Amino acid sequence: MIRFNNDYNHGALPQILEALSSTNDTAFGGYGTDDLSESARKEIKKYLDFPEAQVHFLIGGTQVNYVAIASMLRPFQSVICAESGHINVHETGAVENTGHKIIGLPHVDGKISAAQIEKIAADFEESPVQEHITQPKMVYISQPTEYGTIYSKEELIEISSTCAAHDLYLFVDGARLGYALGSAENDVTLSDLANLTDMFYIGGTKCGALFGEALVITNKELQPNFRSYIKQNGAMLAKGWLLGIQFETMFKDGLYFKTAEQACKWALEIRDAFHKKGIKSYIESPTNQQFFAVTDEVKSKLAENFIFEDEGKTPEGLNIIRFCTSWSTKQEEVDELLKKVGDL
Amino acid sequence: MIRFNNDYNHGALPQILEALSSTNDTAFGGYGTDDLSESARKEIKKYLDFPEAQVHFLIGGTQVNYVAIASMLRPFQSVICAESGHINVHETGAVENTGHKIIGLPHVDGKISAAQIEKIAADFEESPVQEHITQPKMVYISQPTEYGTIYSKEELIEISSTCAAHDLYLFVDGARLGYALGSAENDVTLSDLANLTDMFYIGGTKCGALFGEALVITNKELQPNFRSYIKQNGAMLAKGWLLGIQFETMFKDGLYFKTAEQACKWALEIRDAFHKKGIKSYIESPTNQQFFAVTDEVKSKLAENFIFEDEGKTPEGLNIIRFCTSWSTKQEEVDELLKKVGDL
Amino acid sequence: MIRFNNDYNHGALPQILEALSSTNDTAFGGYGTDDLSESARKEIKKYLDFPEAQVHFLIGGTQVNYVAIASMLRPFQSVICAESGHINVHETGAVENTGHKIIGLPHVDGKISAAQIEKIAADFEESPVQEHITQPKMVYISQPTEYGTIYSKEELIEISSTCAAHDLYLFVDGARLGYALGSAENDVTLSDLANLTDMFYIGGTKCGALFGEALVITNKELQPNFRSYIKQNGAMLAKGWLLGIQFETMFKDGLYFKTAEQACKWALEIRDAFHKKGIKSYIESPTNQQFFAVTDEVKSKLAENFIFEDEGKTPEGLNIIRFCTSWSTKQEEVDELLKKVGDL
Amino acid sequence: MIRFNNDYNHGALPQILEALSSTNDTAFGGYGTDDLSESARKEIKKYLDFPEAQVHFLIGGTQVNYVAIASMLRPFQSVICAESGHINVHETGAVENTGHKIIGLPHVDGKISAAQIEKIAADFEESPVQEHITQPKMVYISQPTEYGTIYSKEELIEISSTCAAHDLYLFVDGARLGYALGSAENDVTLSDLANLTDMFYIGGTKCGALFGEALVITNKELQPNFRSYIKQNGAMLAKGWLLGIQFETMFKDGLYFKTAEQACKWALEIRDAFHKKGIKSYIESPTNQQFFAVTDEVKSKLAENFIFEDEGKTPEGLNIIRFCTSWSTKQEEVDELLKKVGDL
């Protein structure tokens, strides 16, 4: 069985394991204060065009999301996101557990718009009873979204301007950021993200690392004491250099970008193969996640050789299934899938 | 100007002020351990048909809601309610501030159904990834609802059975409970509430007291240490007897019921007067809150003599306005309103 | 039996009940936005010499303490207080429940010193691992303390300067503030408190009101959105004018000060009577709380006619007992106690 | 420079890196549901003599501590520990951030006694005002302690019995558990810990793993839904098998025990070398952490070749320094240190 079910079903890029081995006999200072972490920060900052940015390494996505949000909000403030946002549906109420309400908005293919944000912000500003409701203070979006779609640079600029106009922070969950950056349709760079958001993160776990996410904080108000939030939430790895090694390895020669780009290419090949057979995408995604609407028969056939994700049913009763390529996908796996689809 | 804007715009029933005066020279023990509080508990329990019930006096509605909910839930558990539920829209995220997610459901005139609850509970039970989502553990409803509507005994039994079947607690916000009990359409008694819910409360603030809510806990699991939650949340009045006096006064001769019943009668007279003029109710309510859809002209006319609540617009562009009668409403105020409406 | 056990065993000053009665037929706007609350704020501000101060009315002491502290601190910050501080030992962990550590310091008769605060602040500043410990960000003291002692103006200035030097907020719990202000030894005015602290409150519950505390916020950083904290924590009285009436009544003619001053005088008469009999104070207090160290025999004798507070044992095995005078104490009650002590 | 500063300054046991490499091409299910994690659980359970125990893998010590404590306590409950306890002084108030008070007790060399716990529990039980104070509900101890000392089996039995008698949970922080188990003085087995506590954990990070801690839950009340707490707190590794591999590798052939035992032997050799030179231990520790009280001159000499931890001053003004051996220590490093000490 070949796993196309998600993008975190293998260990790490071989270069990362090599780097871990080659430094295993070296002693380092703890908690991310080591040289390797510093060097990884520098490699990442080369792409940011934002010299004053802080880069922090945390362990996983849910952790980054709730720690970052908790650091940005006061108790009476809330966060705006798509109803389908990861923080709203897949994190066991982690954000609420830190005391904050999530305002879920209807979405189109996982995306929300500047106009929707504008409306929520204006409603609050015009409310005569602001103290009876939570103050929307930040916007959370994912790039790519839960459905693999991506925000264009123009859309991001609009959202960013709206946030600025209403004194809202903008936070971008980049758990799969590599696959957005590697998408043929993408026009948003890391520098754009640094300059248009207050915080965003560059996902490692789903993009080639054993684990780890690189959080970038560009808003100076939000930088002080961030390490206290990390420690308080059990998110500070004692052997912090393990995170440094991984991000240095992925960023120093552009490995992060290359592997994700390849994964996106394969994803589109897979998509085209399905389309050729008259099987429609459930959602049109330009990244590594591809959603198809298939009959029971097709699903059964595919399940003979592949593990993929079950995502419920369409209104018409077709099965929604997700195929993920990733940094760990191999050409022969894709070939086998393409052949299978061709034979459907 | 006559205020029909809400049911908490006057001090208290005169009998309550008299009782406060007559005990002002007496010394009492603190924190609700006094005889008057005990006596008030007994008066209330006469109506409950539930000898093991606990009765606690707290100060206000938002307070009771969040303290009760916090006492019922563990950190990974959530509460189900109508999207329009008071905890979801008027309490500055108090429930989230205690760490819990609210699952808001679409409602019909402020009410949710057993079937909707069943669906949410079943979805969780069938989820293969329960640890990634919050566990729905309780249902919050209001009697009457934010729109003045009430649950019938049959509806309550259905909801209660569904909760029992799925191991959900049922909590009823009774901030305006008097007006449900006093409604001509009502068939739910205090004893029904005691026997069908895990906790519910009997509102004082909006039903004749200066302030105060009587929380009834019938589920034995939820009774121990409840006073610790009260104290920890600043909800324990040092001079607890002030709450005892008020509830004793309202319950010993049925004053609570009589005043609310009269308020409901007036509310229906007002409704009938509007209907007679061809002005429609926005929502059909059998209790003290009446919502009408009126033209700008009618609204202006009414605003010449009355203060009422602005509740936005109908899809057709009419103004939604709310008139509340209450325990403090006077016959002459109602007469004046009826006359005004008649003259429209 | 005559109660000298505490200062919250009676309803309210008769003037307050009269004021409540005289306004009972008037309709008011809700949540503290009414004219009476505004007028009460003005009466209080006459004493503050701080035009930009905000005055908020809350219901009880524990509530003010934890809501104020929660509004001042970020999640990684902690509060410094005496080990005997009310927030540390009598509030069911309310402050920790909002997420903050309390750093309890050894005290002398309930008081802590600027030097102790300086030490804690310096330890943090010099720590090479600040992110592993909480950041002390505020100081909580009570005036008078749990033991009835008071800070002199000089001591307060020292503490205030130390706080300013280390960027710590200073918060004064004034649940019994009247009795500090009314003490013959006191040299601290309300204006001093306004000018030396970031927030402090003027206690009503223990000083003549049915309930209620007036929180004064002078630090402009801490003023915005404070009403959101009040609402979120269930501390916003729907009928806010009830608090306004009470504070207006106590402050417009200086009633607050006069009654507390009389209570302090009586307390010292009682103290002198004990001393005359060779019974020593356990702690020398210049305010309404008097602590004596008495034999079992003396305790039994006193218990024949009086209710007082048991406060444990001295190292020598004597009983520590507390007698409280208050705004509700009557001359004849004091006379009876003086006679009893004289007859010991 | 040779690092003896702590036990987490190197990557991992080489066997662990090999195991990671050898499974890097295999696809696994996520979130700890894989076979390797299951197999690691089985290896650990071989030592527990407690078939119903749950074993969960988390990432780091602070994380395990606060997640475990949050899962055990209700909002009004508190945790008892030594004033020097890691949760009390090195975790940025993580426990308080989840809402719970820590009751810090004076300690002897990092240890607290059953008698101290008994006293706190009895004080609460006898309190007439339990609702005004937090309910002590659990005891947190570390094995070994912050000072390298260990509880004997007899001491653990006493503490466990006291906890049982007062309905307190017992939780043992085993971040360095290997070094307790490997100490020549130790008489406490993993099976003893399983049978005498409600939860305890087996530290990986400081005992040979890249990262990871194995939490054992034996109390059946505390087992349900624990994975929800893990996920909610960002402690669920997406690639959970990485934890499984590490613990399987350390436990299947007793590697965990052997490396720690060797570290303890070296630690005692180092201790003996210091003692021989007339340099006293600051605290007598039988495990891998050794504390010495040295003059400035000695400290400077040692600092020429070694990195060690500065732990402040003795009352007499000597420097307290800590040398840690660990799983990553090498014979030649120890030899060099022994030589240096011999030459002092």
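In this document, chain identifiers A, B, C and D correspond to the written order of the chains, with residue numbering beginning at 1 in each.
By our rule, a contact is a pair of C-beta atoms (placed from the backbone, for glycine too) under 8 Å apart; a residue touches a chain by one contact, two chains touch by 3 or more.
From a predicted model like this one, the values you see are computed outputs, not experimental measurements.
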item	value
Distance in touch steps, counted as few as possible, from chain B out to chain D	1
Most distant chain from chain D, judged by the mean position of its C-alpha atoms	B
Centre-to-centre distance between chain D and chain C (centres being mean Cα positions), rounded to whole Å	43
Computed distance of Cα centres, chain D from chain A, in Å	34
Whole-Å gap separating chain A and chain C, where each centre is the average of the chain's CA atoms	50
Numbers and ranges of chain B residues touching at least 2 other chains	75-76, 91-93, 97-99, 131-132, 228, 231-232, 236
Sites on chain D touched by chain A in the complex	2-3, 6, 8-12, 14, 17, 20-21, 23-30, 59-67, 91-94, 97, 205-206, 210-211, 228, 231-239, 242, 307, 328
Residue ranges of chain D touching chain B (in the complex, touch as defined)	31, 70-71, 74-76, 98-99, 130-132, 135, 225, 227-232, 236
Residues on chain D engaged by chain C in the complex (per definition of touch)	75-76, 78, 89-93, 96-102, 131-134
